[in-house]
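Read from first to last, the chains carry the letters A, B and C; within each, the first residue is number 1.
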């Protein structure tokens, strides 16, 4: 009989505490939490060990991220928010990661895969459902707090 | 008829969520929030895109910050607290920011201006009004938790 | 008559706010808070000035951290969690720190001593008592959320 995987998160007084394991996709797990727990919106912070991290710097002329992938890094900090876009969860996160010599890279995160060990994320939930909206002038998604 | 600017923050169960836009001064907006919402004290974390960031390293002999300004950076993380000093809000924040090649700079922040896109700040409010006090021996402002 | 030391923390609606002073060991103070306040588990974020920081990169073959110590740094961000192991508090924290020229180092933190000035930590408490467990395959301590 197959055993269930261990739970990836528990609820806390302010939201959720998530512990991800080797091979987990960090954004996929945050999106799964948003859907299963019906999170209206949230802020989060995390840290842990990464097998692979893809950072992207936004090129406003080409309207696309210039990506670069790094491997075997300690994620020193991840800071982000969870909202919705067209009915699907939308993660926006930045991070800083250090290598075996403690040299760091940082910026906008396009994707993260957990390495040997774990990655812990603390999620602080908000009550209002928030949407990200593409701002046509710059082509970037902006978290909308409602109209003035 | 001029339209109102969109709101810069909403309240949340633990404090406030702020979304700043191009040209906003991050410290000025945090100070405005402190005053308008009568925040006794708070901790915050943020991330976003910066047109300009001024970092300062404190020179304890000269009792002043040695500043350096950087432009067009992703703010990977900002960590800080909000308190009061002589009746005015007092922001203390540190940060890490990455450039187009993901190289990072970090330390004490003297000022931040939001660039193209946005900058999101999560503010966690505390109940007790806290003051920063200058410690004469070192000339630095210290967050006071009261006397022992 | 000797005076009491000033308090190192106050309670907040979501946990605690800690202000550490020159010479304080950050992990020792977090462990003291865990014991005295009977914290079941918590997440925290911090920043401040460091006299000394020891980072360690985990060598999975040797099953030990390769350490390196840095001095006189601004701690730009510390992100971590507080749990228990065999009846004692267990701190896990990562960080990024910048030097006088704003160059940064980052990764897993083995120890931190506060420098001239202060170091502020915001602790967000959870209700469930959590344990760290050594995972035999990799020799690393993992935060356990319970069994699947």
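Odds and ends about this structure:
Here is the rule we go by: a residue touches a chain if its C-beta (ideal position, glycine included) is under 8 Å from a C-beta of that chain, and two chains touch if they have at least 3 such contacts.
As the structure is a prediction and not an experimental result, all values here were calculated from the model.
A turn of 120° superposes the CA atoms of chain A on those of chain B, with the angle given to the nearest 5. Look at the contact of chain A with chain C and you find different residues on each copy: under half of the numbers used there are shared. Each chain gets a centre from the mean of its Cα atoms; for chain A and chain C, those two points are 22 Å apart. Counting partner chains per residue, chain C shows two or more touched chains at residues 14, 45, 77, 96, 104, 106, 124. Those residues of chain B that touch chain C in the shared complex are 14, 41, 43, 45, 55, 57-58, 60, 66, 68, 77, 79-81, 92-96, 104-108, 124-128, 130, 138, 140, 142-148.
Taken in their complex, chain C has these residues touching chain B: 3-10, 12-14, 17, 19, 21, 45-49, 74-78, 96-104, 106, 116-118, 120, 122, 124.
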